[in-house]
Amino acid sequence: MKKFDIIPLFAIFAGATLIITAIMIQGSIMIFWSLSSLIITIVGSFFALMASFPFKILKQAPSILQQAFFHPMDNRKSLVSLVTSLSRKARSEGLLSLEDELDDLEDPFMVKGLQMVVDGIEPESISEILQLEIDAIERRHEIGHSIFSSWGELAPAFGMIGTLIGLIVMLSDLSDANAIGIGMATALITTFYGAFFANMVLIPIANKLKSQTSDEIYTREMMIESILSIQSGLNPRIVEEKLTSYLSPKERIMEEEVVMEDAS
Amino acid sequence: MKKFDIIPLFAIFAGATLIITAIMIQGSIMIFWSLSSLIITIVGSFFALMASFPFKILKQAPSILQQAFFHPMDNRKSLVSLVTSLSRKARSEGLLSLEDELDDLEDPFMVKGLQMVVDGIEPESISEILQLEIDAIERRHEIGHSIFSSWGELAPAFGMIGTLIGLIVMLSDLSDANAIGIGMATALITTFYGAFFANMVLIPIANKLKSQTSDEIYTREMMIESILSIQSGLNPRIVEEKLTSYLSPKERIMEEEVVMEDAS
Amino acid sequence: MKKFDIIPLFAIFAGATLIITAIMIQGSIMIFWSLSSLIITIVGSFFALMASFPFKILKQAPSILQQAFFHPMDNRKSLVSLVTSLSRKARSEGLLSLEDELDDLEDPFMVKGLQMVVDGIEPESISEILQLEIDAIERRHEIGHSIFSSWGELAPAFGMIGTLIGLIVMLSDLSDANAIGIGMATALITTFYGAFFANMVLIPIANKLKSQTSDEIYTREMMIESILSIQSGLNPRIVEEKLTSYLSPKERIMEEEVVMEDAS
Amino acid sequence: MKKFDIIPLFAIFAGATLIITAIMIQGSIMIFWSLSSLIITIVGSFFALMASFPFKILKQAPSILQQAFFHPMDNRKSLVSLVTSLSRKARSEGLLSLEDELDDLEDPFMVKGLQMVVDGIEPESISEILQLEIDAIERRHEIGHSIFSSWGELAPAFGMIGTLIGLIVMLSDLSDANAIGIGMATALITTFYGAFFANMVLIPIANKLKSQTSDEIYTREMMIESILSIQSGLNPRIVEEKLTSYLSPKERIMEEEVVMEDAS
Amino acid sequence: MKKFDIIPLFAIFAGATLIITAIMIQGSIMIFWSLSSLIITIVGSFFALMASFPFKILKQAPSILQQAFFHPMDNRKSLVSLVTSLSRKARSEGLLSLEDELDDLEDPFMVKGLQMVVDGIEPESISEILQLEIDAIERRHEIGHSIFSSWGELAPAFGMIGTLIGLIVMLSDLSDANAIGIGMATALITTFYGAFFANMVLIPIANKLKSQTSDEIYTREMMIESILSIQSGLNPRIVEEKLTSYLSPKERIMEEEVVMEDAS
């Protein structure tokens, strides 16, 4: 199962607290509260977002949003030792023997791939089908990313629209000189909301989704490599060598420890 | 037939209402009405657009615009079961037996492809011809998208040009101090129009067209895969496995239900 | 021969008229006339352009500019029927019989390709040579496009440089309060010139060149496909099917009419 | 071992000194010191960064940062002569004779590759495994680069957010005319911090990482070419010719000197 | 030898003269002279550049800069007739006969390639080695281009940093109302320097390097095509046809004249 990732939530919360504290040190937080500005910035940009994407896609936004707050699937270290041992078993007992192992596997992608190996489907079809799966995952994630990055561009634009409205209203009646400052302050609040919402919430979420996608795709490609290597009956040592290439230097050290513990 | 999509029209309308309400709360809507600003922003940027594209292409804009307000063709769920059953029929009764099914198919792309299968044209030619069709669709949609995204860049630029005109006129005669505010307010209205028109209408439409194109191309590629799989006499189970890869996890669940209903 | 396209010239002229009218409604057109601003914006940015491109390339600018005001070569509809009939002739009377038709062809690219077919040069060489031609065309057009899009970026930059000069001069002597407004107005005129020249003239021309290049390349690719299909002795019906894929739905309807008239 | 590169540290230090000197010439450095502005700009943007990347990746930032201050691995000149001599040895004494040389090699990538040559693994597998290594290196470096370039975009955004807060507070109370200047000055300090931190520190580091990655990848590709050339028993003269292509004209001259010294 | 290209130097000089004239018409040139502004903009951005690139690369900047002021190597017209005649000679007298011609060739790339032909190295190796050369040239030029385009982004950023410093100093002491104008004027001068230096010098040089690289790579690719065609013993007429595809229509006319003069 994917694990909840508290860090981004904490970071957004901490960022908001920091900004609120900075406001309270300099003046009253009440100056910065404006429901109408909030509505123009967030609801206005959301309407523009609604016109930008088919509703069928937009309604996936909450579940996509959730993904940004969970750890991506990236236990590549344990994959190396798993595949090395499956590879050994397949060479000594035959590909059919892998069927017993399928129930112990958590990841449906690995199960699907290995099931096709057991079923005797030729490598080209397996590779093609699994690659199609990866393309489909990539496509879905890219759409998710583009929802939040579009919103991250629209929010400051609506902040600016709100500020323009405030400025035009203020400028069209300069009779009360005392109101000028207040008018400009109020006008700037929507720009502030747009900048904060985009840079503290939307752009980070879009970035997070993008970097997690890249991570997941990488693990999936490693899985295809694994499945095809097992099927081809490649020397387990070479299989391990190949898969180790996917690990970072740090993970490699940990992987060696895992192997050593395994051997002991 | 493509179905009308009320959402984007609703969203644009709701966004406009929101902005108008925000204006009316802060001041009079009349301050914001300026026919000349509207003409500079919208007609001015349209003339620049007219110089940017061959007229032959530009006159397709209304029909392209329409597409943004219709659901894209994406019934991929039903395609899986359709193709699986065609695949079974072709294997048991021969490829010629598909001719009877062609009349029931709605989509001209599928009909064209399967007709070529029935006519005994070799897979390479079929794949090539259908790929050319997809390329042509992609090309037309990209042009459509680029019209609206170019307009979305030109509109704020003309908004700024209008504001510069207003500012220069105002600054060149500062004798009447009372007129300064009004002058600047009027000048800013074109910037406001440009920002609103671009961010609430043009950019969302361009985004919508882009995301729909990607969706349609994806379905078309799935159709080529389908047609070639049927022709090659591939095992229907593998055909289904392949096509299921094109579906999202949600669609897969629904697809299974369809299959189950199908079987019952 | 390419036909003159009045639309972009009309559009630029209409846009200029619109802006001038807007100026005259609000104030005197004389405020906006400044020869020195015009020189800083246009000549200044042209000097920067001169330093940006080899002179050999830059001196092609006038002939490239001309292209933006001519219809691109895109009579793809008539190409389909021409090639279908050539294909029939080649199958019945042999490839050598095409030699008689070469004199009737207008386009040198088609003539070059078919001449090589008649000369018995193998398909790989023909395809390679024609593809090199397309690459060369694309390269030349891209350079043309980049001249005008670079200029479109430099012009507003020099507009801003002119405005900075005006502002600095004005700010360094604020003794005459009445001159402040005039000073700022004059300073802003170069920004206005830069924005107008870029958005109404240079960027549209760059866009036009880009979209025409894409159109011409597309037609050229269709021609290579045509020439190779004729040479390979492919069934004329499949040739027609292939080439029809290059047409838009609208052109297809017209093409069918042409074919029907042809048959009657 | 990688060698420490004093230049970037010196450059950042010199840039900071330059800016501080410029400040001290014009006014007091104390005006520019604001702890709260520093916290909004740097800590605020860091919180946004924290929400943008999985923590597992972000905690690599210090070790990635270190890389920007070390010379990239790029001794391509010595690689040419090394590989030429290994190539000669392999041709005269057989591939197994390379085993003795492995202990003298510093670079683990070369060792891994040559060890596989000695072990008699076929070229396709060697090439694939080493290419996977390069891809993994490239991926890790790209992530490192994207952390610092994202931060370089977020820092000025938070600088602007801080300035907006200051402006809104100041504008909402214009009663004390004397405080206006101080208020605006204080507000602008966060913009200044954001601009300085991004342009003097973060963007240069991101650029440095990017250019070093490109350099390292290039050397690694040269190494794969080397290893496969040795394995294939290619004529050492052609091997040298090939590898020399990777060198810049300057390095070539130096390489010839090395070769000449080698020969003498 | 490459020939000096006076145009870019003239253009930069003319642009500077234009701007200086514009300043002198409006006010005194002395207002615009500020050594400290110049240092912040140019030296400051250079320090940031120093932190952005390995010093080994940065010290190539002067020699890269020089390239922008020389004509790129692009005598493609004469290459066509040269290669056609070499091709004829090779067919009639054998490949070894080319050795006599090598001394007359100026370009080391052509010499290297033809020497390999004479040495009897197989086409795949020749093509690979020459392609590696092109990749290396492209890589070096791209680095050169990126130095100047990075600088072109950093210079206006440091101009803005200088302006922020000036504004903050001025705003923190508004007691002397007369100094406000001078303060702002002085502050804006760094922005002016940054904009001028970037748009008149750095960005044009970066563009020039980019367009020259593209030109040189194109000629090199034509050379590989030439060398392989000569080696393969292709019909000289087809060789000429192929190479003519690399020429622009204008060059083709001139090439025909050269051929005609050649024949007379």
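Order of writing sets the chain letters: A, B, C, D and E. Residues in each chain are counted from 1.
Keep this in mind: contacts are C-beta pairs under 8 Å (C-beta built on N, C-alpha and C of every residue); 3 or more make two chains touch, one makes a residue touch a chain.
These numbers were taken from a predicted model, which means no experiment stands behind them.
Participant: In degrees and to the nearest 5, what turn takes the CA positions of chain B onto those of chain D?
Facilitator: About 145 degrees of rotation relates the two copies.
Participant: Using mean C-alpha positions as chain centres, tell me how far chain C is from chain E in Å, no decimals.
Facilitator: That pair's centroid distance is 25 Å.
Participant: Taking each chain's centre as its mean C-alpha position, how far apart are chain B and chain E in Å?
Facilitator: 41
Participant: Which parts of chain A, given as residue numbers and ranges, touch two or more other chains?
Facilitator: none
Participant: Testing understanding: with touching defined as stated, what is the shape of the graph linking the protein chains, line, ring, star, complete or other?
Facilitator: Shape of the chain contacts: a ring, since each chain touches exactly two and the loop closes.
Participant: Reading round the ring, first chain C, next chain E, what is the order of all the chains?
Facilitator: C, E, D, A, B
Participant: Within the complex, which stretch of chain D touches chain E?
Facilitator: For this pair, the touching residues of chain D are 5, 7-8, 10-12, 14-15, 18-19, 22-23, 25-27, 31-32, 71-72, 74, 178, 180-182, 184-185, 188-189, 191-192, 195-196, 198-201, 203-205, 207-208, 211-212, 214-215, 218, 238, 241-242, 245-248.
Participant: Inside the complex, what are the residues of chain E that reach chain D?
Facilitator: 36, 39-40, 43-44, 47-57, 116, 121, 125, 128-129, 132-133, 135-136, 139-140, 143, 146, 150, 154, 157-158, 160-162, 164-174
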